[in-house]
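Mind looking over this structure? Questions follow.
Chain lettering (A, B and C) follows the sequence in which the chains are written, and residue indices restart at 1 in each chain.
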Amino acid sequence: MTDPHTTELTAARSAPDSVAARLEDEALIVDVDGFEGPLDLLLTLSRRQKVDLRRISVLQLAEQYLGFVEAARKLRIELAADYLVMAAWLAFLKSRLLLPPDPAEDGPSAEDMAAHLAFQLERLEAMRDASGRLMGRDRLGRDFFARGMPETLSIEKHTRHTATLLDLVQAYARIRTRDDFRPFAFDRTDVYPLETALERLRGIIGTTSDWTDLAGFLPPGWRKAGNRRRSALASTFAASLELAKQGQLELRQSGTFAPLRVRARSGGAP
Amino acid sequence: MIDDPAQPPEDTSSADPNATPGLFPVPPMPEQERMVEAVLFAAADPVSVAELTGRLPEGCDPAEALSHLRSRYAGRGVRLVRVGDGWALRTAPDLGWLMRTERVETRRLSRAATETLAIVAYHQPVTRAEIEEIRGVSLSRGTIDQLMELDWIRFGRRRMTPGRPLTFVVTDTFLGHFGLETTRDLPGVKELRDAGLLDSRGMPGVQHGLDDDEEDGAEGQTELFED
Amino acid sequence: MIDDPAQPPEDTSSADPNATPGLFPVPPMPEQERMVEAVLFAAADPVSVAELTGRLPEGCDPAEALSHLRSRYAGRGVRLVRVGDGWALRTAPDLGWLMRTERVETRRLSRAATETLAIVAYHQPVTRAEIEEIRGVSLSRGTIDQLMELDWIRFGRRRMTPGRPLTFVVTDTFLGHFGLETTRDLPGVKELRDAGLLDSRGMPGVQHGLDDDEEDGAEGQTELFED
C-alpha cells in the first residue's frame, strides 16, 4: 500500500498504453540490473496487481512484461537474451490465451501454461520468503554460542590424517586438467619416420632390378597388420616417391588399389 | 596409577582392579548424566549418541541421559540442543546480546546465495537444474562454491534420472548454524509442502531449456568415467 | 548476600549506592545467573567479576550470581572454577578420562596421498603403474602404506595382464568417511567446474601458495575452463 507507484498503477491498469504506465516501465528498466532474471522481474510486476499470486491475471502480467520489453527497446537498452526469450514465450502465451482454443492442437492448454507460470511465481516468492525467514533465525556465533574454550584434556597424542571430499575431488580435477594440458606429442614407438624409410629404401633398391611389391620393403617388425604397418607403409611409400623423383627408382601400379611395385631405375642417378 | 585422580573408570567404579571392563556395574543414571554433560561441555561440535555410547562405559544409555540432561538445562543460560544426529550445548538465544565480544562477523551472503541455500534446504536433494528452474536464472559458479566453503551444503547422491545429475543437500553444520534439529524444522516447511510449493513440477508439455545443460553435464561425466 | 556461605571473594561491595538508578528494572537473580552462565560458557577465557559487571545490565550482582551458579554446578559433570582473577566453567576433573580420546591431532593428507586416493577412487581397480602414469610421478611406498593404514584403500584383485599386477580399490571406510554410498556418487570434472570448485582464484579461508607447483596447476585450469 505504501508503493509509490500506486497512482500510476491504477492508470496502468485502466489504460495499459498510458504515459504513466510507460514511465513506470522505464523506471523498472533503469533498474534492470537489479533483477535476477526474467522470473524475478515478473514477480515484481505481478506485485502491481495487488492480488494473491494464485489469482493473478497472467494475461495482464504478460502485457506488462511485453510493455516493459517494448519500453526497453525504445530506450535502446539491451536486455539479456533470457529476457527476450521470456518475452517471446509470453507473447505466444498471450495470443493463445486470447484466441479460442484450437481442438486440433496438441500439447498443453494455454490455461495450463498460465497456471504453471503462476505456480513458478508463487514458488519463487515462497522460496524468497523462506530464505528471509531462514537468514533471520537465531544463528550460531551471533545469537547463540558454542563452548568458548573447548577442552582438550588428553595427553595422548594420536595423529589422524584427514581429507575432505572437496580436497579429493579437487585433487582429481587438478590431475585431470593437468593431463589435458600435457603438450601434444606423438607416441613415437609406433611411428616409422620418413627419414628412416628413405635411408632403408635407398640402401636396398639398388639391388632390385625386378618389379617388387613395395610392401616387401617394409622393415622387419613392422609388417604385421596394425598401426605400425600402416605407418611403415606410408613412410616407405613416401620414400619411394621421393626416390622416383630423384630418378633412382620406378613405380608401377596395374590398377586402382592394386599392389604398388617398384624397381631400381636402370641407368639411374650415379 | 592409584594416585592419579583422573584414571579410567576401573579405578573409581569397581573394587576389583582385576575385573574385565564388561563386568563392571553400569554407572547409575545420575552418573551417566554427568558423563554426558562433561563430554558435551568439552566438545565444541555436536556429539552423536553413537559417539557417546563409544565413550561412556559399557551398558550406559546415553539417549536416556540426554533426555534427563535436556530437562535439567531447560530454561537455563545454556541449553541442550539437537543438531542432526548430534547433541550440543549452546547458549540460550535470548542472551545473545550479552555475547557481543564473542560474536563472529559472518560475510553477508548475496541474494542469490541465500535463495539457493533456501532452495537446497527446502527441496533437498535438489539438482542444479532444479535450483535454476526455481529461481528462473542460471546459477553462477561462485554461489555453490561459497555455500560449500561455508560447509552449509554438500553433494548428495546422484539422481537416478537420465544423466544421473548430482544433487545438493544441506549439512549438519547448516542445521547447527541455524539452530535446526532437522530439515523438518525449517520455518514454514509444512505449509509450503501442503501448498504443493515444494513439488518438482515442470512446465506442462515443454522441455525446459535448462535440461540441455544437464545433459551436457552427463556427457562430461561419461567421458570422465570411461577410460 | 551476606548470608550466602558460598560467596565468592570478589564480592567486596554491594551495588554502588551512588549509582544512578537504571532505566530498566534489574533482572531477578535467577535471570542474572542465566546470564553469567551463558557468558562463562561462551567465553574463550576466564571472565572476571569486573568484566561480568560490565557486561550484565546495570544493577546486577555477578558475584552473587556466581555463587548461586557454583552451588548449582556442585557435583555435576561441569564445575564453576576460579582461574586467576576470572571464573570459568570446566568439566569435572574426575571425568577427565572421558575426554581422553578427544585429543587427536588432525593433519591434512599430503598432496601425493590425496591425489593417489582420488585416482584410486575414480579409477578403481587401478594398478600402481596406472596411478604413476596418471600422476606422472612415481609413487612412494609411504603413500600407499599411509592410505592402507587409514583403511581407505586396500588390495583388489590381481589384473589379468602380464605380470598379474595387484590393483587397489577403496574401502567401505573410505566411503563412510567421505559420506559416499558408492564411488559413482563422486562428482565429475564438469560438475566441479559448474559448482565453481575449479576456479583458480583463492578460496576464502583456504591457504594457497604452499606449493608453487599447485598454483601452476590452478592457472592451467583457468585457461581450460574459461571459455
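Simple rule for what comes next: contacts are C-beta pairs under 8 Å (C-beta built on N, C-alpha and C of every residue); 3 or more make two chains touch, one makes a residue touch a chain.
Everything quoted here is computed from the prediction, not taken from an experiment.
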Outermost chain relative to subunit C, judged by CA means, is A
Taking mean C-alpha coords per chain and comparing to the overall C-alpha mean, nearest is chain B
Taking each chain's mean CA coordinate, subunit A and subunit B are separated, in whole Å, by 34
Subunit B to subunit C, mean C-alpha position gap in Å, rounds to 14
Touching at least 2 other chains, the residues of subunit B are 6, 41-43, 89, 91-92, 99, 102, 148, 154-155, 224
Touching at least 2 other chains, the residues of subunit A are 145-148, 151-153, 165-166, 176
Per the touch rule above, subunit C residues touching subunit B in the complex are 33-39, 41-44, 55-56, 75-78, 89, 91-99, 101-102, 122, 179, 181, 184-185, 187-191, 193-197, 199, 203-206
Within their complex, subunit A touches subunit B through residues 36-40, 42, 82, 85, 107-108, 112-113, 116, 119-120, 122-124, 126-135, 137-148, 150-153, 165-166, 176
Residue set of subunit C touching subunit A in the complex reads 38, 41-45, 88, 90-91, 96, 99-109, 111, 113-115, 117-119, 121-122, 134-136, 146, 150, 177-180, 186-187, 189, 192-193, 197-198, 214, 217-218, 220-221, 223-225
Subunit A contacts subunit C in the complex at 145-149, 151-181
Subunit B residues touching subunit C in their complex are 5-9, 12, 33-39, 41-43, 55-56, 75-78, 89, 91-92, 95, 98-99, 102, 107, 128, 139-145, 148-149, 154-155, 157-158, 164, 166, 216-217, 219-221, 224-225
